[in-house]
Every structure is written in structure tokens, then in C-alpha cells.
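Both of the next two complexes hold chain A, though its partner changes from chain B to chain C.
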Partner chain A sequence: MSIISDIIDSTKAIIKGMSITLAQIPKEKWTVQYPDDPVTLQPRYRGQHLLHVDELGREKCVACFLCAAACPSDCIYIIADDDPRPEEERIGVDERYAKIYNIDYGRCIFCGYCVEACPKDAITHGYNFELSVYTRADLLKTKDDLLITKQKQSPNYRVAFSDEDVDSEYKEI
Partner chain B sequence: MSSESIKVTINGSDYQVEKGARLIDVCRSNGHAVPSFCYYSDLALQASCRTCLVRIEKMPKLQTSCTITCTDGMIVTTESDEIEKARRGMVEFLLANHPLDCPVCDRGGECELQEMVFDWGGLEERFRERKNYAPEKYLSPVVANDPQRCILCKRCTRVCDEWMGEDAIEAGGRGVNTVIGTYGGWLNCSQCGNCIEVCPTGTLLDGTYRHQARPWELEQTITTCTFCSDGCQMSLGSRGGEVMRAVARDRYVNGINGEFLCIKGRFAHPFVNHEERLRTPMIRYRKGGKLIPATWDQALEFAANKLRETADAHGAEAIGVVGSPRITNEANYALLKFANEVVGTSNYTATDRFSLAPFFESLGAGLATHRDIRFAKTIVLVGGEPEELQPLTGKQIRQAVRNGGAKLIVINSRAIRLQQQAAQFIHIRPGAEDAAVLALADERFDELAAKKLGVDASELSTARGTVLDTEGNCIIMFGGELSPAAQSLLAQIPHAASTDKRRFLFHPLPLYNNSVGAHDIGLMGGAHTASSLLGAAGAEIRALYVAGSFLPDHLRGQEEALSKLDLLIVQELFETETTRYADVVLPAASFAETDGTFTNNDGLVQRVRASIPPAHQSKPDWMITAALAQTLGMDFNFQMSASTVFRELAERTTAYNGMRYPLLKDETKPVQAKHAIAPRRDLADEIEALRLSIESLDETAEKIMGTPPVGHELFKPGELTGKVPQFHLLAAGNPKPPDVLISPLYQITIDAGLRRTDEAVAVAGD
Partner chain C sequence: MSVSTQNLPPQFEVVDSPLDSQMTISMGPQHPSTHGVLRLELVLDGESVVKCTPDIGYLHTGMEKLFEYKKYQQGIVITDRMDYLNPLGNNLAYVMAVEKLLGLEIPERAQTIRVLMCELQRIASHMVWLGTHALDIGAMTVFFYCFREREKILNLIEAASGGRLTPSYFRIGGLMMDLPAGFERRLKQFTDNFPDAVDTFNTLLTGNTIFQKRTQNVGIISPEDAIDWGLTGPSLRGSGVALDIRRANPYTGYENYDFEIPVEGDCDVWSRYLVRMRELGESLKIVKQAAARLKPGSVKADAPKVVLPDREAMKTHMDALIHHFLIVAEGFDVPKGEVYHPIEASKGELGCYVKSDGGPKPARVHFRGPSFVNLSALPHMAEGEMVADVVAIIGSIDIVLGEIDR
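Let's look at the complex of A and B:
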């Protein structure tokens, strides 16, 4: 091989590559400027769990332990208690409620089995996804972190509408 | 029942069965599954759930197999489209009024109705009508009730009537309006909780375990109850090192008691995880000073040094070793070994209320098992009150009389509730039980005994006649009222009275779970009794090593005895009267935290298994004793294993020869200790001594009239039961709170005069 043919070949390759690169410049950008811009999440995205309340603000969870039983990574810890007060004053919708409800996000694999198992629609996956912490102990979230009335939602996401074509945003335009 | 066999054809296969067998039992034992709710073997028939329907040839309609007795040549079909349709229909009816609140219901996960619906239920509920609503409520401090979940199988009412004889829970109303209820909306009974156990749904629930945990996350450990000498088998459900509940449900455990437990066995377990449990070893460095927490090494070193000092100064006989009828055989054996081999003292004993030594020395016949009691022909009960102090024995006696037609002779100074079942009740003067024994054994003393007992002489001869007319098993039970001589005399009766047709069996009624074991090990055979040991404290006894505590009975009149000792080492669960003067207190593990064996009043050696790790820094009793021996320079070579201790124990104790843990593994096949049968011997000395003591009895003493109330002994709070708030409510007369929809514990302040008083402390001291 001569040097000249080498130079010609490599120049061709550079031109081929750069033509693709330069061709992208005038096109629409699909890099999301997170965290300056919010990311768009699928409606069924499985983020940090939410514990729901009913229209009167009472917790829907009755501490049946089915989520804990369904959990493959054993990350849900519940202590149930009796709430003998009249219905209107109760913490939960029934006389049984979860005194303690912890999820260990160091173990959770976001499989969604707990949500499937819940007979009361009390637990769902929310959209909060920024779960990194400085100490591992902080990965343990308590009821105060999980209740829908108390969980602080991150400003860094937006949920796609159900008819929105989210996927194509990342595909060839 | 005859052993004649007949032929029954089930689903095309022929079976030879015993005449009179129940069809449902035959189907099930031969592998043809027949579902049922209301059928419960050993209870009266009900046939209300109608899920056990089968087709029997030549009968016009489907038949309930639980009420059919097999006849020769019967041809039965248990599986067909017709039967399936009928069963599915019945289950749909059962669910017509059953709420769908399984997530809240404590029974969820071990519910027979859930299982039935999995097998026979429809996918959809076709009934659109409103369900009858009734709020959940409490029937007593320990029984919660959700009437809406009831499917009216009436197991609870039958159990209450037939097992307990209380009839406290009954069905009221008719047809669709039938409800299970109590008189006055409040359960006044012995609170055994057996209605909870047999309930196939979540209608009756444990009020102490309410909404605490789910059955599938509990670790079930089969163990022996620690509250009385019946030794019921139960399953402790624990979660995360905490005992949550005790049940005897046959899906978990199948022991001598079936599904029976009493209030103590079922509800009095919270002492295990009580906050007052001793946490660390403690040392009192200066007499009158404070107990100061120490490490195990420090405490053992301190105790060992002091023991050495005492032995050097006063000799080994100045040291006493005290075991307990509450702790395991292994622990008592370790203490005996400590006394014999490490210290070399003959001053050892156990803190039991009375010794069974005279009885076992003269034992003329074997010990009865609870099954023997159930099928006995004649039962003689001298003293004692099994219903309160040995509830399983009480239940077996009642069933023997009601379902088995046994004749019961009750000889008691009080009109105990069991006398309602008795063929003959001999109401004697208090403290005169010995005279009754003498008359039973020897008719020459009828006149004398009758005079002292305050009964007619003919009553005694009638009782003797009943015993001598028995064909089958005659079981003699006795309580702690008998003197040693009377125990010997009673134990020798079989030699004179047994024939080919009649077998005598004994059933002693000691108060503690391991009273018989403590005797078998030989711990009761020391030079002193617990009381005399206390009497000698400060004189010839200078140091005591106590496992457990002295009973209030032992300390009465000599409360300061323990303060006179140079050294007192106590291993206990809680701070008690005994630890008040202790120099070293060592935290011991409770029955739920230790492996070992208990020997019950049948002589059955039954396993105790660790359900949770020992609380705080506590250790099993035998391990503490072995560690103390080690500190004193003697290696017991127990290798940290309870089975090693038991092997050595079994080798050295005649009655336990050949026993090993693998043999005791199966609670359905308990192993009886081989107590030696004593040959017939001359009892002239005992009879003469008895006659003299009887002649000195007061002939004018008042008889105790009136039947003691249900629970008068069961509800008294003791060292362990007093840790359970419910017992204080029950001991205070089971007050009905203003609102039964809310747990009584929330409504009634136990501290407001409902706490234990000294007079109300349980006899058994637990």
C-alpha cells in the first residue's frame, strides 16, 4: 500500500463521518437538558411509590401485608395497628391501618408486584425517580416520604399524555 | 364399639371399615377429599354447611356424609357433576352474606372459607342484594367478634358447650336472622378462646393479636405450653424476634390437646417480650446496695469467687441449689449435676408446691394419658380442681362423662364445677381429703372417715362399689391436698383392686409444667424442701443458687430468710421477691427462647423449642449453670447443645432411659417416661399414721358451700400472667366497658384499682 492511497482512504472516511455529524446540526435536538429541562416520563413509568388517600384524606392502606408478601426483594416492612376510633376520625379507611410502612429503596427493584397485589389500590408507583442519596440509610423511606399528601414531587419530570407518542421523540426524526 | 368390619364402596373402590364408622371419616382417610365446615370430629353433629354432600345409592337425594354412619354394602360417589354443582351452590350461599374484607380480616391466609372458595367458589358473585351489616365488636377483653363474617357452622357453640361446659356463646334468632351471640352481649366464661380456634372464618378473633401480623409471615414453632402440668402442644407464631401469638390450630400442630388451649396458654405469652425482662447480668457488690449491671464474665466470676469463699469457710453443705418446676428437664438436670459434682452438696430441691415423691415411690399402676381419660370408664377425683389448674384434664373429664358415658366420682371440699358432671359428689370438710383416701383404700375406716368428712358412710361404700364394678379403665386423680402418707396409700390401691377386666391408671395433678420432670430428675430428692431450706438460711445454709423464684407460699412467714444469706445467686426472667436480696442476678431465657423438654402429668416427655433468640443478654438456664461450673473449673461437656444435655440426662435417669431428641420430635406421637411400678408393700405404718392424723381432725368444721366462679384461679394474675393487661381486667371481674365496639383495653384504665392485689395472686404462682 502506498501512502497516497492511505491518505485518500482516510480522507474519504472523515468526509463520510463528518457528513453525518454536520447533517445533524440543522435538525431538531433530542438531548434533554436535564436538570434544566424536565424529562418526559411514560404514564406507566414505575418510580418511587405513592401511598394514596381517599376523598376524606384517610389512608387507603389497611395493612393487609399483601404487598410485603408479593415483594420479591423483601423491601416492604409494615406494622399494623388497630384504630378503634369512629370512622370519621380514623387515620385509615378501616379500623386496621399501617402504623409503620417502610420501603427500602436499596432493595426495591421497581417490579410493580406490590401495586399488582394491593386489593385497595392504596399503593402505586409514582414518578419520582431521583432517589440517589449520600448515605445508604436514607434509602429507607417511611410513610411520611411515601404518602401522596406528603411526598414532594420532583420538578424535573413531566408525564406524557396517554395519547402522546413519547417513544418517537427519541427515534429517528 | 364392635370391631366387626363391613364393606363400603367409594367411587368404585371397596374398603373394609369398622362398623359404625362415620362416612366422612372413611372417605377422607381413604383419600377421597370431602370438604366440610361444620363437621368437627369429637363434637356433636350439625350438618348445617351442607358442603360434604355425597351420592349414596338407593337414597333419594344427596346426603351429608358427616351424619351418615356406614352400613354394609353402601355404594358412595363423592365426585360427579351433580355433586360439584351442589357444592358450588352451597359455597355461593355461604358467601351470600360474607363481606369481602379479607385484607382487613386477621384470619386471611389461614381461613377455611378462603380455601373452600378457592376450591369450590365461583368467579363472580351473583347476589346483588345488600349484605347484612353489623359492626365489629368485642365480646370480652380477649375475644373480638365480627358477626357479619359468620357462616353459622356453630362450631363455637358446640365447643363451648361440650368442651368447656360453659354455654357462654350461643346461636340466637331463626333462619336468615340467626346470629351467634352471648348473653348480655358480653362473654362471661373462662375465656379459653377455643371458639376462636375452631372458627373457620374470621368471625371470632384473638383480641390480643388483633391486626398485629399476618399468618404467612409468622414463623410457626411447635412447643409445649409453660403454664400447667397438662403440657398442651401449641404453635408459637413469631416475627422478628417477637412472639405474636400462640395457637393450637391443627394445620400447625397436632398434639395431645387437639385444638384445645386455655386462656393462659393462648393469651398469656406477652411476658416473653415484656419490657421488664432482665436485660443484663447484675451484681450487688454490697449488701443492701443496688444491683449494678455487669457483663456475663464479671457476674460469673463474682458468683464463682463467692461460692468458693462460702465453701471454704462453711463447707460444701452450706451451699443450697434450688431448681424449679417451671424450667426444662435439661436445666434442672444441669442444676442437679452442679449440686452433686461441682459443689458436692445434698441440699438441693425445686420450688414446687408439693412433692410427688411418695406417690411415685409407691406407684401401683401406670400414668394415664389424656386420651386414656377421654375413654375411661370410671374417674375418681380426690381434691384438686382440674378445670382451673389443669384445664385440659378438666375438658377430658367432661368429655369422658358427656360423650363417653364415664362415671365420675368427685371428692372435694368445694362444690367445684365438675361436680355437675359427677355421678357422685362427696362434699367433704376442708382439709379432710386424707380421710377419704383412707376410706377408699380400706373399708374398715369407713365409719371414722365418714364422721370426719361429714358425710354418710354409705356414700363412701357407694364410691368404692362404683370403682370395683368398673369394667375398663379406672383413673384416679389427686390434687396437692393429700399428705405424703395418703399419696402412698392411694398409689397402692391398684394392687388390691385391679382385675383382668379392670385397669387402674393414675393422673396426678401437680401445678407446674415440669413438676413431674423435676421429680424424675431427682431434684426433689434432696435433704431439704424449699420451705425448710429457707428456714435454714443463715444457719446451716449460707449460700443459695436459685433458678426461678420461691413461691409466695414458701416465703410466707419467712420473708426475711433470704436476706440472712451470705450469697444468693438467682437466674430469673423478671425482678421478683427472690431477686430482692440477690447478690448476683442472671437473666434467663424463657420457654419460647430455649430448647429442652417438659414432662407433663401423663409422664409424656415433650419438646420445647426455641421460637425466638433469647431476649437481650439472657441465656438458657442450663447454659448459665454450665458456664458457672466452667468458671469454677468443671467442664460439663454439654457442647452448647440441649440434645447433649438430654442424652446425658436420659442415660442417668431410669425412667428416661433410651430417650433421645429424635424420638421426641413428633408431637403427634408423644413418648411416655417409664416410671417404675412399685411392688405391693405393707402399708400398716402409713395407715396408722393417717389414722392418727385423721382422728385429730375437727369434726365440727364448716363445709365450704357454693360453687367457685369460673376463672377464680385462671384469672388471678401471677408473675407471668400479670404482665398481660387482659388478666387484670378479668381478675377485676371482667368489667363490661361502655362501648363494646372498641377494645376494653382502650376504655378501662387497668391502673384504676384493677391491678393485682396480694390476695388475688394465683395459687400456681405464675
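Let's look at the complex of A and C:
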């Protein structure tokens, strides 16, 4: 007897489950067909870093090393230099600038401490997240990859900006 | 002690020979139902488990040692990576331990947001548990629905902190930053729709005879044994012991919230399942209460030597800028002493022990991880059961190997 009632109960359970599954078909889809469709990121998302420039195209970084000091994984490497030229021709906003600014993405954990530390808003997190490369050495990104004027943005994301969601404090792009 | 072990032959030294009726097999470390890289050495007699020995350490990363080389504020990012399903809970245990040493007073709004985010995280953690637990037992679709709900929570966490799996949202003395504009609206969307999802899970699993048969009277641990083995969290409450740190030893203002502590007395996989399912509702209740309580205010404690100043103040005021430089570059000194701070993480009591010798880096940080302690009771529950039930029992104690190995 119990076997028969077991079979009946199990069949009921399966039918109930199937009805829920089938009822999902017309509903809104949560799966994103990445990379055919772009992924939606939140404004505060911490992706690959961007080094910012001011309106004249001069780098904002003054090579104060605070980001490197804040970094928990020691992945920022800076060499500072002086640029004695007049203000308009300089590379950076200040006389002191970062001759070399490298971030090792083999070590970076995208914690946002460098962004929080920077007193000049020179570094922020961008939204690029497609960072895979074929060799480890390619994970070391130099100023050529990080500067906002040079970094190539992936077409595979869109940011969930709406009028009220913009977090102007940290994101300037 | 469970009934089923009594009929088994006494344990004797295992000699692997074809003539022997016992067989030693290795389950894991790449077995999908061990929830990570856990290896179990199972001695089987036919299909019953005679002996079960967990073998851990495949994910050992030396995190506790790493704390000693990082400034206090840098340690927060390490905690994210221990129990990666409950990173905000780990953040909270660590920052609260350090705050205890510093004697910091946390503003009301920061406390409420901490409670809110931790309860969201608990739901997200239980979602992964439910999905994988059901998947182990053979119910595939629940997994998709669970991950859909978790996705919504991760989006909320991402909106607030910028990270999905590793938010590092809490800071010593408050929060990284305030909630984004529009957060409450999005939160409400989630809290309005989540009860429907719980109904779906209940239809798919709780009322499902097949699932009940797989979980009832399996993996029994009596209340006394559960206490003796040091079980905490839902695994303990599934054995009928009503202990919850949020009640027993309230922190961040949990004493002001109205919620129940679900307890089930059957001591088996099924009752641990029911406890967690009911906790989903309770956590949702706390989230709603916290959201209703959010009042405008500061999210950072008033401690200029410990907490980073507001960005505007840092750019306009010299003293704020100096503090900013000092905190980032040198860290802050924490008075000598040692503290232990337990919180109720999604898996049980997560305690953080911090010892300070003064100076900007801790002398020793240790975590009492619930997964580790709960796993140690696995042999007790699994021995005498069928080999197929071992996966159900592992699922029911909800372990994360990142936390066990650290």
C-alpha cells in the first residue's frame, strides 16, 4: 500500500514542480546573453582603473604615493619625476608627476582603497571587467592602458545610470 | 547518538584487501557536492558508511598570518575572502572587534545599514545553500531560482559597495560610503517580490515527498551532541537548541528588532532545512524593519584619527587632509589589548579575535569559523548512514571551504 501511495505522492510532487517550471517560460528573463547582450553594471562597480586628466588634458596624478600606500596587495608601482616646463606644456597638473604608473592586475583585488586614498581624484575605478590575457606579463598595465584618454572601453557593458543613481563623488566618466 | 549505528560491526583497523568487505574510497576534493575542495575519506561496508574522515586544507592561504602584515583597515579586504558567501558578515565581525579595541561609537544610521546589509547577505548565503543542497539531492530547477534571487541581492550589494562577491563595505568606524540614491526603492522591489520566491521553494521542496524522504531521519545529531561538538547557527537550532547570538549577545542594535529564532527539534537534515527556510522569512522581516528605520545621518564615527574624512572636507580643510594622509600612509594606532567579538553569521557563530600590541598592525588575528566547527561534527552525523546520504548531510551543515581552510 505504502509503495502505491509513495508513487502517487512522488508523481504529484513532480507534476507540481513541472507546473512551476513551465509557468516560468513567459516570465521576465534574468539570464543575460553575454557577450551578445551587454551586462548591466551599477554606478559604483569596481572595474579596471582609470587615470584621469583635467580639461587641458594634463594628468591629475601628482605622484603622492598614497594609492600605493593604501593598496592592500601592493600592486601599484610609481616612479615620480619633476617636469620643469611651464604650466601649459606639462604632462601633469603639477610639477611633480608620475613618470611610470603601473598596476599589476595579477595582484589587484579591486578593493577600491586606492580610489578612496587619492586626494586628487586622479584614479577611479572604470567599468572594464574583461581583463583576461594570454600571458601573465600582459596583466601588468601601464599608463598607456590606464589613462582615460587611452583606455579602450569594452562594448559589453552598460552602466545602470539613472538621474538619481549617479554617484558623482567617485565616478566622473 | 543515532539509532542506526548500533547494528554496525565495531570499528576495526582497515586493511584494504579484495577479500575484505570494507572499502576505502576518496570522495572529493573535486566532487561537486562537497561544496568546494573538501575531501572525505569514506570507509564503506556495502553502501553504509563505517568511517568518515574529512581531509581539509586544499584552500589554505594563510590569511590569519597575512593580517599581521597589513594595517588594520587593510585587513577588511582579507575577511571578504574567507566565507565568500557571507562577506559582509565577515567584515562585520572584524571591524566590530577592532572597534571594540578602539572603543568607537558607531552612528545610528551606520548601524542600521550594517544590519540591513548583513541580513540581505544572510538571505543570499541561504540561497546558495538551498540551491546547492537541493541540487545535491537531485532537484535541479531550485538551483536556478535560488541564483536568480541571489542575483537580485548581489545587485543591491553592488549598488551600495561596488563589489559583488567581495564588497568590503564596512570600515572601521562606519561604512565605506552611504547607500546610493534610489537604494530604498530597489530594496523595496526585492522585499516585495521575495515572499513569492519563498513560496516557490516551499512548493518545490518543502511539500515534496521525494525531498522529505531523502532528508527525514538522516544525519541525526542529538541536542547534547550538537552542543558538545560546538555546532552553532542553523545546524544547532535544527537540533532544538535555541541559541542565536543576535539574541543571546546582541550587537549593532539587534536587540531593537522584532524577529523570531526558528528552532526545529527533529535533529535531522530535514529540520536543519526547515530552520534555514524559516530564517529566510525572519531575515526579510529584519530587512524591512531596518529599511523603515533608516534616518538621514552620518555613516562614519566621529574619530578623525581613525576614520577617513569626507572627501569634500579632505579637499578643503588642511587638518582633514593631514588626517587623511596619516591614516592612509601610516594607519592608526590601536591600544594594547585583546578582544573577541562573535556575530551570528549565516552559518553560525563567527568570532573574531584580535590582539594588539599597539601600533598600526595587529599582533594576531584569529577567526572562529562556523563552517570549520560544524564540519568537525560531520563524521558523527554521517557514520552509519548510506553513502548517498553523505551529500545530503554535507549540504545540511552548509559549509564553505574558503572559511574552513583560511
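Assume the second predicted complex is superposed on the first by the 158 of 173 C-alpha atoms of A that agree within 3 Å, B and C clash if a C-alpha of one lies under 4 Å from a C-alpha of the other, contacts with A are read in each partner's own complex, and residues count from 1 in each chain.
Note that a residue touches a chain if its C-beta (ideal position, glycine included) is under 8 Å from a C-beta of that chain, and two chains touch if they have at least 3 such contacts.
Computed from a predicted model, the values in this text were never measured in an experiment.
**Q** Please work out whether A:Tyr45 is in contact with chain B alone, chain C alone, both, or neither, and reply first, second, both or neither.
**A** second
**Q** Of the two partner chains, chain B (first) and chain C (second), which one does A:Val62 touch, if any: first, second, both, or neither?
**A** It touches chain B, and chain C stays clear.
**Q** Which chain, chain B or chain C, ends up touching more residues of chain A in the combined arrangement?
**A** C
**Q** For A:Glu95 in the superposed arrangement: first (chain B), second (chain C), both or neither?
**A** first
**Q** Quick check on the superposed pair: does A:His125 touch chain B, chain C, both, or neither? Answer first, second, both or neither.
**A** In the superposition, A:His125 touches chain C alone.
**Q** I'd like to know which partner A:Ala80 touches here: chain B for first, chain C for second, both or neither.
**A** The answer is first: A:Ala80 touches chain B but not chain C.
**Q** Do any residues of chain A touch both chain B and chain C, and if so, which are they?
**A** Touching chain B and chain C on chain A: residues 65-66, 69, 119.
**Q** Going by the contact rule set out above, which residues of chain A touch chain C in the complex?
**A** Interface residues on the chain A side: 6, 9-10, 12-14, 16-17, 20-21, 30, 41-46, 65-66, 69-70, 72, 109-113, 116-117, 119, 125, 160, 162, 164-167, 169-170.
**Q** Help me check something: in the complex, which residues belonging to chain C touch chain A?
**A** 70, 73-74, 77-78, 139, 141, 148, 151, 155, 158-163, 166, 168, 176-177, 180-182, 200, 203-204, 207-211, 213, 308, 311, 314-315, 321, 324-325, 328-329
**Q** Which residues of chain B touch chain A once you look at their complex with the stated criterion?
**A** Per the stated touch rule, the residues are 101-104, 108, 136, 210-214, 216-217, 741-743, 746.
**Q** In their complex, what parts of chain A are in touch with chain B?
**A** 62-66, 68-69, 80-82, 84-85, 94-96, 119-120
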